[in-house]
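Everything below concerns the one structure shown next.
Chain nomenclature is as follows: A, B, C, D, E and F, assigned in order of appearance, with residue numbering initiated at 1 for each chain independently.
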Amino acid sequence: MSAENIIYGGERLGIYFLETGAGLRGSKVVYDRNHSGISDVEIGVIDWKKVFQDASVFHWSGLTPAISQNAADVCLEAVKVAKGMGVLITTDLNYRAKLWKYGKAPKDIMPELLKYSNVILGDLDTAFMMIGKDKVNPNYKDADSLPQFYDLFFDQYPDLKYMATTLRYSRSASHQQIGGIFYDKEKLYTATVREITPVVDRVGSGDAFMGGIIYGLVLDTFDPQYTINFAVAACCLKHTISGDYNLATKEEVEALVKGGPSGIVSR
Amino acid sequence: MSAENIIYGGERLGIYFLETGAGLRGSKVVYDRNHSGISDVEIGVIDWKKVFQDASVFHWSGLTPAISQNAADVCLEAVKVAKGMGVLITTDLNYRAKLWKYGKAPKDIMPELLKYSNVILGDLDTAFMMIGKDKVNPNYKDADSLPQFYDLFFDQYPDLKYMATTLRYSRSASHQQIGGIFYDKEKLYTATVREITPVVDRVGSGDAFMGGIIYGLVLDTFDPQYTINFAVAACCLKHTISGDYNLATKEEVEALVKGGPSGIVSR
Amino acid sequence: MSAENIIYGGERLGIYFLETGAGLRGSKVVYDRNHSGISDVEIGVIDWKKVFQDASVFHWSGLTPAISQNAADVCLEAVKVAKGMGVLITTDLNYRAKLWKYGKAPKDIMPELLKYSNVILGDLDTAFMMIGKDKVNPNYKDADSLPQFYDLFFDQYPDLKYMATTLRYSRSASHQQIGGIFYDKEKLYTATVREITPVVDRVGSGDAFMGGIIYGLVLDTFDPQYTINFAVAACCLKHTISGDYNLATKEEVEALVKGGPSGIVSR
Amino acid sequence: MSAENIIYGGERLGIYFLETGAGLRGSKVVYDRNHSGISDVEIGVIDWKKVFQDASVFHWSGLTPAISQNAADVCLEAVKVAKGMGVLITTDLNYRAKLWKYGKAPKDIMPELLKYSNVILGDLDTAFMMIGKDKVNPNYKDADSLPQFYDLFFDQYPDLKYMATTLRYSRSASHQQIGGIFYDKEKLYTATVREITPVVDRVGSGDAFMGGIIYGLVLDTFDPQYTINFAVAACCLKHTISGDYNLATKEEVEALVKGGPSGIVSR
Amino acid sequence: MSAENIIYGGERLGIYFLETGAGLRGSKVVYDRNHSGISDVEIGVIDWKKVFQDASVFHWSGLTPAISQNAADVCLEAVKVAKGMGVLITTDLNYRAKLWKYGKAPKDIMPELLKYSNVILGDLDTAFMMIGKDKVNPNYKDADSLPQFYDLFFDQYPDLKYMATTLRYSRSASHQQIGGIFYDKEKLYTATVREITPVVDRVGSGDAFMGGIIYGLVLDTFDPQYTINFAVAACCLKHTISGDYNLATKEEVEALVKGGPSGIVSR
Amino acid sequence: MSAENIIYGGERLGIYFLETGAGLRGSKVVYDRNHSGISDVEIGVIDWKKVFQDASVFHWSGLTPAISQNAADVCLEAVKVAKGMGVLITTDLNYRAKLWKYGKAPKDIMPELLKYSNVILGDLDTAFMMIGKDKVNPNYKDADSLPQFYDLFFDQYPDLKYMATTLRYSRSASHQQIGGIFYDKEKLYTATVREITPVVDRVGSGDAFMGGIIYGLVLDTFDPQYTINFAVAACCLKHTISGDYNLATKEEVEALVKGGPSGIVSR
């Protein structure tokens, strides 16, 4: 999928305002995405067959169907084409309570979309809410109990192959503990929980995790333990870098995988 | 009290230079306030009756009588008028050893002024020193023992209704633990001690606390426990904000009151 | 040694690029020092007798002989003259694996140079490697065991009077614990280990330590315990200051010596 | 009109993006004002009688009716109330081709609104276009010819008392020549044309001019020549100040009025 | 030619230091390019056939052969391959007296390289010096006399199709006048001379001109007058933009072409 | 005179606030120098014999006696000692109307001080005012007429050897024309007037001029024409440099002396 497939349109550019937290003052986001190009996109505008012609993976985020009915419709249009073309479909549930303002709840929209996903990223509370189930209030620290809940998804979605989630323990806006799990219905793989203090910039750390998962999946030498190790380390490094893009190299991520819970520099 | 009562005068503007600390290097302040307008103000210059005509609270800080005899004299002039007009008088003792350079010690000046205060903010060491008593070296962590010392003030000052103080434990210039107490001679009210790390900017955090106390006092629904909770949370949030002004909204302060010791974001 | 002895020459200025670490992402340095003036200096270019004529101390760093054979040769030329003129010679071993690229290892170069040193600064691993011995993997936390290893140096180098080292425990790039030792072959002097969090800028902290050692040595009232206390405190303060120069005054360093492990501001 | 009359509402905050020009590259503005509070305001929402109760002047800009039919309707609602209460109504035509996107042209909307204006600010081309007349292509440098064109407005709008305009000659984005005229149907008053080079920030210079006109009008000692002199000088000073707010004091504006065409500092 | 052909290698990255001029203080550049990748490149390292396989234009700058004999040799290797593959070869003579330090003068190297160029950009003095002729001291303001001098190049280089140059009149480091000419041996095309004041950043303005020439040459609708108009306007706009990259769009360049000598904003 | 002669004292550090002008908005300065060390200095505090022991030049500015009677008294004490020791005394009249607030006018203080000056820098208006004569309103552009006025000073002050002044024509705060004259009672030497646009920072440009004059005077090869050329060029270059210190090298100043009126870069 190359940049030439980008379509320019819509009334305005979606933006958001970020107030960066510190210590016990959490970050805040104000979204201003209504009437943006992605909000007003329509069925038939994007030639998904052309877009996917050389693609091996299609990743979509739960932010998109949260914006408007149009965006949700086009998302469904996309995943159907992707499935037909044998493209691997990955999804980050990405629940944002401040979006979903167009009259639909996640449970009205997400189940149909998730039917096509091969990989789903999301914590249990979000995942259950999105498919309309009650919260299960799982004790995340007991990661061993996760498979029984995730199995509900595997039962419901036959195309689903893997589920993953970051395990994020917020000590404060400036101090996070980050781990993660990867589950293939057979076995639960977990990665070292690392201390992130200070948090330089949290924005994009979920995307860094997801990028790590996808990277692991498309390797010829796919290895589920390596995949979750790599994804969690990428996510941790992103927290130490300003901006929303993970500037860390593959070598730096791998060095952290081999490092201890306090990072590369500890001896 | 509106801005129209401000009087411009004096030879220069008082300024100070701040070297912001970090970790084990403490912050430093150099005051350059001599010959400023407030330093050279004189009895009779300010029409306090006009200033207080719609006022319900008059707050003064121990910084003012520390600057010059003139400033101390005008402060006394003010509190006498305020009392006569039934205005609530609040005081932050605010001891600064680098001020008080004009030949008087706090014990020479403050007792006469404090006679008129209805609310006094100050830690025990400062409070005792200001009224000329020996330090009592109280163990602040045992806040339960504070009333017996504060009662000395209630005995000496019949107008006094409330005493309050932040409880500040400095782990380093970048890491503080902040609690607070509010005492009405009948009962001691305490607030959760919170971790502040990193300290973004400590300047103005005492004023944020005092503002919280005054806000609580003037509510129709005055509640001493709410008042100290609100004041400590406001003080904590100020530490996470650059500049000397507490930009946090009432809703943000109240959210922190309901949050745990590590802040709003903890789950 | 005054600035008038500086010689300008060489093809270019040596520079380095620093990527400042945070939390579990360590700092990185890229050296670009080849073909710099110091790299291409030659025997006979510097009139060391003139340079040292009013000098009481000559300090050189292991960074210099790591750059080129020329730099190593001139370093040897310098220490021979310094010794002949009775100048105290101090050395920071400063091992940098990214230097030493000209075909020689430290063990080929350093032993000859260290013969002239009166004071050597370096951790045990570095020190052993530089003289061609196997690592001893000492448990630095058991500083009491250091003398037996350092004695090997005193045996080998008759001019050696003192060895010193920082004891640095990296919790993360943002959190360091810093202590230090000073050894005069008779007795091991240790200084309080202090918490450095956050690390504002680590660059120059080793030089701040070395400067503290030299300061202690040249005092008329030389006192080994005072010397190591002062050097460690100077090193700690440098971590809280931006840039590579230790702006802290002597009074500030001494205040920290008297302060507790968490710094000047703790009560 | 005090801040207490501000009503918060609407979906989002209107914003714009500014690319500051230099030399022969002009500035560019991208408006993003759709769906803002002012765009979606409705008839009846603002209690104009209360808003105007102590007001002597109501100023509105042609930017407002350019945004949406709703904004235009509320603007008409406002001027009707203002006229009924005897408030002086001033208008800056402020034509922006990138606005006016809701299906109406200025000539469909502005004539009805301008009936109520007592003071109109605008260059001739804009003014004619807004009332649906062909451009007259006047030679602005021959300011003496302006009255015959402005008289068309006085004929059409019986409430109109004064017209004014800046005379702006752009040598480049960094070099402007600024003059202005003020016309009361009897006489044309002109002000010195001044050189503005470099232009520090042009944003808000039209508002600075308008503010100067209003200031002159509300003085007890209203003098049309003083008014246009003051307005042009205020406009010129704004060009030398960063940001959209004219920080210059009345004294500074008056000093420039007395200064020559090259500013206060020329001798 | 895509990014995948980039080869990483060499000892260091070439850098330069820029001191930006203002008014009568000119800019200064210090080059530090020795031992960089491009300086140490060798014959055979780059697979030029692969590099040029989809290329229609190969542009090289006189900066490259100025760095080292190796760079000059590889440049010659490249142009030979380019010619063999029918790629259009363009050259900016770009003389920099501070380079050319490896023992060769431009006249020893450039004539052989220029044999292959189809388009050469350079002022007459530089061009003559590079082919070893005496300066002709032409009066550039009389651009009509240029063809007779440029014809010497067409006589000497049979592959040469076009010559071009900016005409740059420096009033000061902050004020430049920029025009340009384009010559196809038949006719001399000139563009409007424009005032550039202030100069925001001159770096990259020659490249902006060259880019404009190449853009004009590769259009299906190639038109020599359009080409020089576009190149000069692109060069002028670059002077108003910070950084070395011309952020102006094609539409902005074309708007300036249609604008007058003082830029887009003049009326 | 070395830094070791600096005496620390006084109540505070003198500071000033600068509002940088642009175009027709002039710069503004607010002085806050009362009660500073130099303001409160007293006769006898400085050991001028020691200060001057290796000095060849003593330069004082009219800013100093403008601050306080004490500063004026110490200035007189200094020049008497300097004269006795044969030190060359240079003076910049530096009139600042916002100083001179302690009850004395320049004519009460300066004549006595100027008796000792060997070199005086100042424009005619300032010079006449300082010695209590009426303004002569000379037309500075006719620099040829200056000698007759300057001769009044040579008549009055037998120690005076040279007078000098910048000739500054302000087109605006951003555009200055700078020339200068140097007069030795026999002959008037003038330097090229140069255009300074834009003015980057005017602060310190008078000191740069004075520094140039002193540099010329102390050369073994003293040449009055070279001296004024160098001083004016130094002054011009300072206007293009941020901050109050002239970073230009001697070579850069000399290059400008040889350059034309528009600076080094013109061809």
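One rule holds for everything that comes next: a residue touches a chain if its C-beta (ideal position, glycine included) is under 8 Å from a C-beta of that chain, and two chains touch if they have at least 3 such contacts.
These numbers come from a predicted model, not from an experiment.
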(message) Counting hops between chains that touch, how far apart are chain B and chain E?
(response) 2
(message) Using only Cα atoms to place each chain's centre, name the chain farthest from chain A.
(response) F
(request) Starting from the Cα centroid of chain C, hunt down the chain whose centroid lies farthest away. (result) D
(request) State, to the nearest whole Å, the distance from the C-alpha centre of chain B to the C-alpha centre of chain D. (result) 47
(request) Going through chain C residue by residue, note those that touch at least 2 other chains and give them in order. (result) 198
(request) Assign the assembly's chain-to-chain touch graph to one of these shapes: line, ring, star, complete, other. (result) other
(request) State which pairs of chains touch, listing all of them. (result) A-B, A-C, A-D, B-C, B-F, C-E, D-E, D-F, E-F
(message) Using the touch definition from the top, list the residues of chain D that touch chain E in their complex.
(response) 21-27, 169-175, 198
(message) For the complex, give me every residue of chain B touching chain A.
(response) 194-200, 236-237, 239-241, 248, 252, 256, 259, 262-267
(message) Which stretch or stretches of chain C touch chain E in the complex?
(response) 11-13, 32, 34-35
